[in-house]
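After this come two complexes, each holding chain A, first together with chain B and then together with chain C.
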Partner chain A sequence: MAKATVLLVDDEVEFSAVLADRMRQRDLDVDTAENGEIALERVKERRYDAVILDLAMPGIDGIETLKLMLEDNPNLQIILLTGRATVEKGVEAVKLGAVEFLEKPAKIDMLLEKIETARNKSFELSEDHFENMISDIMKRKGW
Partner chain B sequence: MEADPEQIKTAETPSPEKPAGVRLPQYRALRRYLILTTLTVSLAPLIIMATINYVQDTEKYKTESRFTVSRILSNTRRALRFAVTERRSALNLVGEENSYNDLASDANVAGALRSLKNSFGGFVDLGVIDSKGTQLYYDGPYDLKGRQYSDQEWYQQVLLHDVCVSKIFLGYRNVPHFIIAFKRARSASDFYVLRATLDLDMINRQVYSLELDPATDAFLIDDAGLLQTSSAFYGPPGQQVPDLYIAPHSRERELIDERILDDQPVTLGYAYITDSPFILVVIHRRETSLAYWLGHRSEMLWFLLISAALIVLVVTYGAIHVTNQLRQADLKRAKLFHNIEYTSKMATLGRLAASVAHEINNPLAIINEKAGLMKDMATFSDEFPNRDKALALVDSITASVERCSRVTHRLLGFGRRMDIRKEKIVIESLLKEVVGFQATEAAHRNVQIEFHVQDDVATIESDRGQLQQVFLNIVNNGISAVGDGGRIDISVEQPNSNEVTVTIADNGPGISDENLQHVFEPFFSTKGEAGTGLGLSITRDIVEKLGGVIGVSSSLGHGTRFTINLPIEKAD
Partner chain C sequence: MSQNPDRKDPAQSPTALAFFGAVTASVSHELNNVISIVDQTAGLLSDLLAGPDPASTLTAERLERIATSISTQTERGVTIIKRLNTFAHTTDEDRIDFELNETVSNLAELVRRLADRRRVTLTVESAPLAITLSGSPFTFQELLFACFQALLEHAEAGNTLHFSVLGSDTVPVVAVACDRPQSAEAMDLGKVERLADLVGGRFTVISDDTHTAIELHFS
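Our next item is the complex of A and B:
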């Protein structure tokens, strides 16, 4: 199985760099983005199994980034990881379509677990998508 | 211009001391002031009215008394003067019409007396006395012929003034009487005296013709203050009356005066009876004016007393009531201020705590990751000097980070509990959101969550974030309690028009009775290191802050049931 692809979005570069390093050591394919704009570009360029997103960021904040990403790709598996966790924000994020809401500092094992879950989900969804595509093609071409 | 934030803060923050208005002595002073001023303005007119009434009554009574005395005095005086003058004239006429010789026999004198008696009452006897003072001829009920009068006072008077109306005296007969006598010429060098005795009845008739009430007395005195007629106050004729301060002889005047006699206020009237030694005195004993007023105006007095008592009662009660109310209101306000101050302080503190916690969480995350990286390096490198020691150090760092993070989470919880923002909340969707938030966790543990929602449950007015926190805590507890394959039942009901009841029941192992008593206490935990022991304590605080009630029941082996009653509209 190919490496899981993860996008790490956090304005704390020091944090994201170290975390990315550690994830890579654990055999993950990790990209980082230091704000919402860059993150939005990255998800357009590449397909990610999971996006790990901070809430409080300069420029467009985490919630806004989340919305824009899901508008583009509703199947995107987004995990929020934030130091500004409140229940309200969490509920809001989950309502908007985030799959997980984690508080900083988080244990890497837990994070990896969530990423794995997200990847499986993402895989299922893309299979669905693939299936749909095939059945769609079959219907249309109908041979 | 930028305002100095410090100054604004000082201006807005109430002083920490108790507000000055709440101290008790101030209310006492206010109460005193209220009572005094109200009593003054209400009682003063009443008292002034009563005083005016009293003075007017007293004056009226005096005037009435004077009028009574004056009436008796002038009527009696006129009657007396007439009676005396008439008899004097009658006797004078006898002297004028008869020469000495016409009278110079007892029979003649008897004839003259008869005609006098027929024409005028009061004559007792009649006599002719020679210049030596010897009664020559006499007619009357007594044997007075040859009686010597030269040493009598009235005789001296006649010699001096040619005419005399005597004072009343007892004389030889020991009967009170008085005498009218004329000196008449007998010849060129000699004279005789015509004397008539008049009984007192004639005078008494005049004096007592008026029916006098017991407070009034009328009598005659002479210039020496001896009673001439009997007096109701001073006794029979001949008695000395106390000094009445009668002014010297004045012919026409009737004098009326207010005096104190025998310690009694009296109205005293007197007048000289013309051509006689008599002074007519009328005394009207006034009761003391206060006694009179009290006696005659008792209704007025009662009215005054009852009104005054009522006013005092009402005013005192009113003042006490008002000051008490005021004090209560002030206390309430002071308390409110204190609460507002406290709440705003705590809210500020909470916000501060939350922002500090947020700021600390990010560097904590960095420390955590760096320590993790170090651990990774130590774990994954083939050669790492002192690996075990390094790993122990890293673990120690990670443990400390975890401790810090528990603290920051607690601070966040504390911060969140502070201010309440109210909004309309559909409790069912709020619960579903919270459960949805934990759906992955629940699904992962294979926990089944079921909703039982009564139809038409009212929307409640409450704080969304705080309620989410409450339900999250309880559902979380439930999920961790039930374990794999457990079940959580959430029901929403509206038992009455005031509240909504949310019941969250799990089928976990339950809580022992002993532990159940303590579940809401701070720092009580059955999870050991895993929990802060603050979860349910915070939960209960929030519920109570939102005006609700949280209860728990449990039985070992069957599960735990949390019941939360929330007011539909939170009262302040």
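Our next item is the complex of A and C:
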């Protein structure tokens, strides 16, 4: 099975670097982005099984980044990891389509568990998408 | 600085609590980031020790990097806590002598993250000599924060907000300026006006084609 692909988005560059290092040691394929704009470019360039997103960032904040990412790819599995966890923000993020809302500091095992769940969901959604595409083609062609 | 005698407890008005909350929320977020980095760095060390060949992965260079990271973050955390502690103690006394350069600089550092989030650069310029004011340092900072907020609200990414301490012991002046033109009418200065009155100071707004400054004068 291919490595799980993960995008870490956090303006605390040192935090992303250490977490990415630990994830790579666990055989994950990890990219990092230090702000929302770079993260939006990354998800256009590459398919990720999960995006780990900070809420409070300079420029486009986490909520805005979440909205823009899901506009382009509604099936994207986004996990919010933030030090600014309030119930209101968590509810808002989940309503907008985040699959999880975790508070910093988070243990890596917990993160890996959530990434695995996100990856399975992402796989299911891409399978459904593929089946729907084939079904559409068959209907259109009258097969 | 002659304070309004009607004021009983400067730290207990709703706006004072909102100010205290805004500062501590931002600072606690930053402290949480420091702790998260140290936590992940400790985790990385444990991972390497638990790996199949720690002797080859835990090189002197890698250990040095890990030690430097922990040391840097500890220093960062200590600085943040010292600033927060200084700020928290400004509620201790309703009237006290305090040094203007230190107070302005401490508040500016505490709110820097709020400017960073808007991609606004924050700079601080102290007066060459110490300037002592008498009054509530907490309310004085609330006033500075109100000026900061009034300017930040209209600032755009790339702008600079500048705190400067001017004048002298006899004529102390603090200016909060932004390199963006803004008329006084367009700014929300109600809080600035109320707080300036409370601390016994007065304010003026100076605006030209390139800058806007709120000057606070104390006597």
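Simple rule for what comes next: the second predicted complex is superposed on the first by the 142 of 143 C-alpha atoms of A that agree within 3 Å, B and C clash if a C-alpha of one lies under 4 Å from a C-alpha of the other, contacts with A are read in each partner's own complex, and residues count from 1 in each chain.
As a convention for this text, a residue touches a chain if its C-beta (ideal position, glycine included) is under 8 Å from a C-beta of that chain, and two chains touch if they have at least 3 such contacts.
All values reported here derive from a predicted model rather than from experimental measurement.
Participant: Which partner, once the models are overlaid, touches more of chain A's residues, chain C or chain B?
Facilitator: B
Participant: Could you tell me if A:101 is touching chain B, chain C, both of them or neither one (first, second, both, neither)?
Facilitator: first
Participant: Should A:58 be classified as contacting the first partner (chain B), the second (chain C), both, or neither?
Facilitator: Second partner only.
Participant: Thinking of the overlay built on chain A, is A:88 touched by chain B (first), by chain C (second), by both, or by neither?
Facilitator: In the superposed model, A:88 contacts chain B only, not chain C.
Participant: Taking the superposition on A as described, I'd like to know which of chain B and chain C A:67 touches: first, second, both or neither.
Facilitator: neither
Participant: One more residue to check, A:117. First (chain B), second (chain C), both or neither?
Facilitator: So A:117 only meets chain B here.
Participant: Jot down the residues of chain A that show up as touching in both complexes, chain B in one and chain C in the other.
Facilitator: Dual-contact residues (chain A): 12, 14-15, 18-19, 21-22, 25, 56, 83-84, 104-106, 108.
Participant: Spell out the part of chain A that touches chain C in their complex, as residue ranges.
Facilitator: Residue positions touching the partner: 12, 14-15, 18-19, 21-22, 25, 56-59, 61, 83-84, 104-108.
Participant: For a test of understanding, state which residues of chain B touch chain A in their complex under the given definition.
Facilitator: Against chain A, chain B makes touches at 358, 360-362, 364-370, 372-373, 376, 380, 401-402, 405, 409, 412, 416, 433-434, 436-437, 440, 464-465, 468-469, 472.
Participant: Which residues of chain C touch chain A in the complex?
Facilitator: The contact residues of chain C facing chain A are 25, 29, 32-33, 35-37, 39-41, 43-44, 47, 51, 69, 73, 116-119, 157.
Participant: Inside the complex, what are the residues of chain A that reach chain B?
Facilitator: Touching chain B from chain A are residues 12, 14-15, 18-19, 21-22, 25, 56, 83-88, 90-91, 94-95, 99-101, 103-106, 108, 117.
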